[in-house]
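In the two complexes below, chain A is the common chain; its partner is chain B in one and chain C in the other.
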Partner chain A sequence: MRACVLTLVLTLAWCGQVFADANYRQVAGGSFVSALSLDGARVPVPVAGFAMRSTPVTVAQYLAFVRAHPEWRRDRVPGMYAGGGYLASWAGPLLPGPAIDPQQPVTEVSWFAARAFCAGEAARLPTWYQWEYAAAADASRRDARGDPARQTRILQKLLERTGRAPAAVGEGSANRYGLHDMNTLVWEWVDDYAAMFVNADARDPGQGNLLKLCGGSALAFANRAAYPLMMRVAALAAMKPADVSGNLGFRCVRDTNRGETP
Partner chain B sequence: MIRRLTLLALLLISAWTGTVQAGPAALPADSVYRTALTLRDQTGLPFTLESLRGHPLLVSMIYASCKDACPMTVEAIKRIRTAVEDRTGRAAPPVVLVSFDPVRDTVGALAMMASMHRVEAPTWRLARPEQGDVRAFAATLGVSYRMRPNGDFSHNIAIVLLDADGRIAARTGEVGAPDSGFVAQVSHAAAR
Partner chain C sequence: MKHTVIIALAIGAVLLGASSAPVFANALIEEVLVPPPNVPPPIHRDHPARVIVRLETKEIVKEIADGVRYDFWTFNGSVPGPLIRVRQGDTVEMHLKNDPHSHMAHNIDMHAVMGPGGGAAVSVTAPGHESVFEFKAMRAGLYIYHCATPPVPMHIANGMYGLILVEPPQGLPKADHEYYVVQGDFYTTNGYHTPGLQSFDMKKLLLEQPTYVLFNGREGSLTGVNALTSKVGDTVRLFVGDGGPNLVSSFHVIGQIFDSVNVEGGTLVNHNVQTTLIPAGGAAMVEMHTQVPGTYLLVDHSITRAFMQGALGQLVVKGPLAPDLYKKLPDGPVTAAAATAATPMAMPAVNDAMADGKRVFGQICIACHQADGKGLPGAFPPLAMSDFLNADPKRAIGIVLHGLSGKITVDHTGYESAMPAFGPQLNDDEIAHVLTYVLNSFNNKGGNVAPDEVKAVRAGGAKGR
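Entry: the complex of A and B
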């Protein structure tokens, strides 16, 4: 009987998480041309509709996750899943401390940790294409990447933030999907980030594509438009999946597969 | 009845918390077997990563429709095992090849790949992930992959020697002539 109740409670909790999460916004599917030539020719990539967290995961939200999943406390997690700097700025394993705003995006989390958080709310990390597609929008346009004034603003904000703790999430205006902080607050983990740097069906292991991305593509994009994106890719390229960084956070996505809305 | 419900509750919990879980306490902190993963091999036999404990193992990741790198990987592992057996006079560690394409890599597709390469269970197990986080497991091995729009995968190659507890003892990405350092490490493991 007790097991019965437990099952019911768990099922309800699970359903609640899946269907009633105000943190997510719908991103209508479509196709776009990625700034990175990951798959050879620069052709439009189809992106199915998905739901994405409106902001990066905050310190407060991550703290709640660590409380519920103590195996992800910094004093318990195996080094294989999160390196030495994991949540290192926190005052204690369950205490961010007074120096950290709970509404800041959580950083110093590994790719493994970010994935575990997302799995805990029936979600996952976005793919690079999903992230880039969602980040291309501004308040009115689905693809505002060609707007030089916008790119200058993004670059300016990135320069201003250098060397500082990230500000609270959600302070900037949302893009047309209702997503905040996509380009300017922190770098964000993507699920397939490590594979952005390997060759198709690679014979040589390691980071065969890196030169192509950071050399060839950067030259091919010798305008400022792609520069913030190149910075982001370079930041990700430097990371192993257990590594952490003070300006690398994450947000999660869920598949919804709703079609394009014009 | 109660037991069955408890089991259901446990299943729900594991489906709910998903992906990376700290394994049982007995596994070392740096064991790749800590990633909870259930697989099924080319003979249809299910097994968990943790069940592979107890002896050294050669592990790599493949997908059956792969035209180029994966066949080369299989042949490279054959050459490594032959070199080890010539050198030590003992059986080389068995092999588990984990697919990162569970949608297309059915038991049948894996059986066909095994027969094409003339490799057999239980020494060679080609396995599809059925439950758990295969991308996290891949990452612990240093393998990354992404599906391209044409259905191929971009991925890198790693042939990894695991010790009896699933700790990474050696690794190579060489699929041409056997990597002599790696052969020496595998020989060392085989001779123990």
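Entry: the complex of A and C
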């Protein structure tokens, strides 16, 4: 663990960046079989090591970003980058207000806005594979997806969200990489969300995005019992990049070029 | 944006109208939706129209049974979603909104749509957004609609289905009552009737072993004060669907024969049907003529589901009896063995006389004299504030023991029906108790009948009447 942190610090130092690195955790590279089957293939996908924010970006962190980048204030951002509901629950453009816990994950942010936030700290949104790979781990196992009890717990937690605002980040226990809230707190933007389906353009509803059809879900999901992941992918598939949603947040990753073997 | 779309479509409709002979281009109708088990009124249009239908997907926690709550995913907050009623040839402009508080993306696959995914492909809607698509209702029939967002079985298991009726151009035959019933199977981690908030159980879903099988998404949604109603001589039409996700329904109404069934919701009409099979993701339209008053039970005649998992509804028919069609006859004589067996019955304590009398009344007398004791005018005389009863309460002992036939006048109304003798099936205590109960209920004058008095009248034989 210490070695990981040390390596991360060194890597970042090597990158010449000076940021609050305490937010990031190293995810050792490896390979895994994604629950999403592209072109019917079910082959292991290699994932290089990367660093990931330990929690989704919070309201407080996003507020700091908007203060530093006023072009992302809700009253200034162009509609083509962030739709009508962007930060709409906030009391004001720079004021989340008393109803919102600063430690909640920020939601109501578009894909463009999430990307801009990550770019602002020399990071980017994770790819779907990076996100799914990191989320597959539990406290001890790199890939705990085959555990039905874990899957039941995740599903139950997702359903308990009905009618509630997301809880503060970091409340649950971390997985083996030190990441919190990966599966249960909010949906999270991924960089290639519009390209991870058969159809590369989610903005064209008339074309064959197979996930949108009932038969399609069975075709596209290699693991048809992965309901929590299906719900997540469906939630993302419904979005256009400027869309926002009250339960969709994000976290960032940084490449660390660490080809660590698992 | 939305307005732009509507205006553009309206202009399109005007242009289309101008090119065809009848000018109904302005027939733009906003569909009025009502919650189940009610349905929108019949359509009496003789021309197609453009119909705007607005559904909103909502995720809400509400009761699935008394004291049991569940996280439902719904169309318009109800399970099933509202019945949509259009006419064959109509152009339907379907607006699907997803509540901003939703956690899931939702969409709609309408079996009345002929196009890829039944609309599912063009209606995936994120929370807080709205999708709009249009289709022409080309085939008359009764069709399911449901959410088809992955994981599809879960969206359906949580209640996301409803029916759309496409009326034929000439409309449907007139019915006095129309109701809307959709069966669905529900999967909770804990067992049937475990109280509190219950969570969805994926394992049971995959095994197709539901905890609840329900009409209209809640046990009791069609019973008691929520029962469907009709009158003697009326016709009842039920729009019945099966949302599934897994089970097919052996739909039956206990005590009725369906006059007609539009098999599988299509145009084939079958007659004199006892039980009709409704596939998951399918529907049937059934009609019946209610001729005998009483309570009829709607069940899935895969009958364990009706009595162990909740698939039970009621149709209450009111009106005069129809003894030509259905009546109770006197039971046969009781054998000596049975009479002996009855004697050692424990005698209720005196202060239980009213309670025991109420029990007997509820089991026997209520059928004719009714729960309020007022009888049925012209058929069964009243006990409530009855001049006949109150004038001579002791006379009632002999009537209960030996029955009564022939003309009597009660409260200035003549009655000629026959009351059977209950002497063979009720013991002296029971008769004393039920009479005491009647005399002290329904605003009657009060009084008491002792078991010994009944015994004496019984010993005196039928001459006591």
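Just so we're on the same page, the second predicted complex is superposed on the first by the 212 of 262 C-alpha atoms of A that agree within 3 Å, B and C clash if a C-alpha of one lies under 4 Å from a C-alpha of the other, contacts with A are read in each partner's own complex, and residues count from 1 in each chain.
As a convention for this text, a contact is a pair of C-beta atoms (placed from the backbone, for glycine too) under 8 Å apart; a residue touches a chain by one contact, two chains touch by 3 or more.
Note that the coordinates shown come from a computational prediction; the quantities given were computed from them, not determined experimentally.
By the touch criterion defined above, A:Gly246 reaches chain C but does not reach chain B. Contacts of A:Ala137 after superposition: neither chain B nor chain C is touched.
In the superposition on chain A, A:Ala167 makes contact with neither chain B nor chain C. Within the superposed three-chain model, A:Val66 lies out of touch with both chain B and chain C [touch as defined at top]. In the superposition on chain A, A:Thr152 makes contact with chain C only, not with chain B. Of the two partner chains placed by the overlay, neither chain B nor chain C lies in contact with A:Met182. Contact comparison for chain A: of chain B and chain C, B touches the greater number of residues. In the superposition on chain A, A:Ala28 makes contact with neither chain B nor chain C.
The residues of chain A shared by its contacts with chain B and with chain C are 205-206, 209. Interface residues of chain A, counted against chain B in their complex, comprise 1-4, 6-7, 10-11, 13-14, 38-39, 45-46, 69, 71, 76-81, 111-112, 115-116, 119-120, 122, 127-128, 191-192, 194-206, 208-209, 241. If you check the complex, the residues on chain B that touch chain A are 2, 5-6, 8-9, 12-13, 16-22, 29-32, 34, 66-69, 72, 133, 135-136, 139-140, 144-146, 148-150, 152-158, 173, 175.
For chain C in complex with chain A, the residues that touch the partner chain are 59-61, 71, 98, 100-101, 103-105, 107, 109, 116-117, 120-122, 124-129, 131, 148-152, 154, 189, 199-200, 202-203, 206. Against chain C, the residues of chain A that register as touching in their complex are 85, 148, 151-152, 155-156, 158-163, 205-206, 209, 211-214, 216-217, 220-221, 225, 227, 230-231, 233-235, 237-239, 243-247.
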